[in-house]
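The letters A, B and C name the chains in turn, as written, and every chain counts its residues from 1.
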Amino acid sequence: MEERRALDLILSSIILAVVAILPMFVTSPYWRGVLIVALYYSLAAMGWNLLGGYTGQFSVAPAAFCLIGMYTSALLVYYWNWAPHLGILMAIVSTAAIGLFLGWICLRLRGPYLALTTIAFSEIIRGVIRFSYDITRGDLGLSVPKLYGGGGRHLAYYYTFLVVVVLVQILLYLLIKSKIGLFLQSIRDDDVAARGRGVNVVWWKTFAFALSSLICGLAGGLYVHFIGLASPEMGLIMQSGLIIGMTVIGGMGTLAGPLVGGLILQPLSEYVREFGVQHMVIFAFLIIIVVRFWRAGLYGSLKNGLERVLYHG
Amino acid sequence: MDKGAKLLEVRGVSKWFGGLQALQDVSFSMDQGELIGLIGPNASGKTTFLNVINGYYPPSLGAIYLDGERIDGLSPDHVAKRGVSRMFQVTRIFPRMSVLENMLTIAYALGRIPARDVVPRAKGILAQLSLDDMIHENAGNLSGGQRKILEFGTCFMADPRLVLLDEPFASIHPELKGILEGFMRAHYEHGGTLLLVSHDIPSVVASCPRLIVLSAGVIIADGPTEEVLKKDEVAEAYLGGIVGEV
Amino acid sequence: MDIFITGIIMGTFYALLALGLSLIFGILKVVNFAHGEFFMIGAYAYALIALRLEVSPFFVLLPVIVIGMLLGVVIERLLMRPLYQKYTEWGAMRDEYAIIVTFGLSLFLMNLANQIFGPYAISGPGLRPLRERVILGDIVTMSSHRIIAFGVGALILIIAYLLVRYSPWGKVIQAVSQNRFGASIAGINSVRVSSIVFGISGVLAGLSGALLCPIFSAEPFVGALPAVKSFVIVVLGGMGSVPGSIVGAYLLGVLEQFGAVYISYTYRDTFGFLILIIVLLLRPQGIFGEKAREV
């Protein structure tokens, strides 16, 4: 498994390297913006992948945590004039805490019950944010300053997002490689047996929820200070569907799967939009097809194929 | 701990599931270094019994002591950390993790083995069980018999004080069974303590000096194997005296 | 009092929707996240057919039933088979497969409708002219469509319940629901049963959509909220429990109405979610559900 994980890391490093030099070829601000949004989704997908792909907890609430991250920072900056960086830092704290709480709620739940509870949770959060009109301006959204001021400067955002993605990726790699990675995956594979073998399932499930939510919150915090607007729409179940879909299509339980999913699907959906086609139709169709026929995801299948060639060929 | 000191003590354990009583006033004790066989007809409560010791269910009544400390009511991972390892009746391994990782997980979770010894020890056990050429293979790709052996191996990985084996020999190839029996016997001869639940009477009789018979949640016999087998209640419990069904 | 009656009426529609979901869960042990889209398709079918044909709206319900059945059967055939046929590939993750595939299906259908019909709502004709009102004694005044729809819905509900409980087919469904393997040994074609149950689910959801179409209109995302509510109901009532879902549906219908009036109108849809979380915290298997023995 050591070599296989190393392969995963190498492949994802290659992908990230490509992303790093992409702005040389992609010069239009519009498309750079698309890539930045793709990185946002990739980051959120990496967070979800930890919880769903590695720990087997199928939460349908990642977008809710992105939303919490967005609004934590947005409200602090808007009302108390905090600097955006600090707002984002606080976003991490709040999402970790609320993620911990959700983890506690979901401890004894599995499968559909878990999914439904997280849906309910997600909708409650979104509802509270929407309906607290006096504070959040509801559906109108909350305007916030951007991280790098005024207009343009896409490159700055691009590399900020990229650096964060790289750091999170390294963190996840080290985590999965360690014994914590073993514990999380054992919970995914068979949590009853895991308990019998000494894994403190309660503690590690909660941990996975907290860390996963934290990453989503971080993504949300960065996003809100790029777009300049906090909107409840980003917390719709459909957004969670996007995040999960990207992870699934890329490959659950792999390091680079979420990256691939986000980086391919976001630009793809923008591209398709130019033809007047509902990008979501294609996206959803892809989810169905991939999960029906290539359960390892696109990247996952590629990686498995490569492994077979390299290690058994 | 010295051989002969009391390791496991079960006092008056009863267990109800709703209106169904699975265990009734079960009491016995196990010394360090003993190998005890637990037999009984189907649905006699053997697996429930293991589940209670292991921590998956708290007993409705009674108490369980491991080396003097109460362990009933503790969750399975805490019981495991005190040195109790458990093999399940329906094989449970981690299918999407490699064979080696299956072994490593329990070692790191229990923390009873120094970190630098973990991998060599795992590889050693796997070699003894003839799984060493599969160590990087996903456990899910193993055959049913191999999975059972893997699960068996994980039980001995973390220097257990008490090993609970639930039907380790069921539906596996005789050759593989020989490997498991040999391993088990070696562990026993080195001072290990084991509780073996099995339907395979010949095997149990051959390996275990002491036999406990459970029927309808009640212990109907507990003593040296030879004597227990001669008891009428035991023959009756197995329906008309046919002792030795599989 | 009229709050209560409104609650009962809404509860009937919820029950129709929840029943299908519950049956599917009983048979396949999975939640169909695209259930709301069956509702949506029923609404569209009703609206479009009624607008094209010059027949009484009652007759339009018939093609809706057919479409619902077809939809359910096709989906089951294409997407759900792997759940029990290629079991080993997904193995421990079969729940996740079902969640992802039905979720993807939900997104697909919603956006397909958006693509084809556009985002604007289409309203279908009421079973009685929409402006017509009925006055019951001194207490209630409401559109006669609602009353009639309620009547139709309740009738279907009763028929469905009796069928599942007492008819030979119903017994077959119960058998497969309790023990798929055992049922197939007894000679029951479990695959065919799954097909039929999915079909029934499609019919019930589609009818629910059609009956509510004059009230809520047909638009691509109309199914989302009813779907989530039926999830809540099915969980509250215990997955796979038919009487449980029906009770849960009426409970939710009534509680929602009271909540909307006495607690908060804005948050009326949120109550269900809160109830769901609280119930699952206390009883992870739902109110009527059975606790599965883990080990």
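In this section, a residue touches a chain if its C-beta (ideal position, glycine included) is under 8 Å from a C-beta of that chain, and two chains touch if they have at least 3 such contacts.
In this text the structure is predicted, and so the values were computed from the model without any measurement.
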{"item": "Most central chain, judged by mean C-alpha position against the global CA mean", "value": "A"}
{"item": "Relative to subunit C, chain with the most remote C-alpha centre", "value": "B"}
{"item": "Highest C-beta pair count, chain pair", "value": "A-C"}
{"item": "Separation of mean Cα positions, subunit C and subunit A [Å, integer]", "value": "31"}
{"item": "Centre-of-Cα separation between subunit B and subunit A, whole angstrom", "value": "42"}
{"item": "Chain centre separation in whole Å, for subunit C relative to subunit B (CA means)", "value": "47"}
{"item": "Multi-chain contact residues (two or more partners), subunit B", "value": "56, 88, 95"}
{"item": "For subunit C, residues that touch 2 or more chains besides their own", "value": "92, 294-295"}
{"item": "Shared-contact residues (touching 2 or more other chains) in subunit A", "value": "188-190, 192"}
{"item": "Residues of subunit C defined as touching subunit A within the complex", "value": "25, 30-31, 33, 79, 82, 89-90, 92-93, 95-101, 103-108, 110-112, 114-115, 224, 228, 231-232, 235, 239, 266-267, 269-270, 272-274, 276-277, 280-281, 284, 286, 294-295"}
{"item": "Residues of subunit A touching subunit C in the complex", "value": "52, 56, 58, 60, 105, 108-113, 115-117, 119-121, 123-124, 127, 131, 188-190, 192, 237-238, 241, 244-245, 248, 277-278, 280-281, 283-285, 287-288, 291-292, 295"}
{"item": "Residues of subunit A defined as touching subunit B within the complex", "value": "1-4, 179, 182-183, 185-186, 188-190, 192-202, 253"}
{"item": "Complex interface listing, subunit B residues touching subunit A", "value": "54, 56, 75-77, 80-81, 85-86, 88, 92-98, 100-101, 104-106, 108-110, 136, 154, 158"}
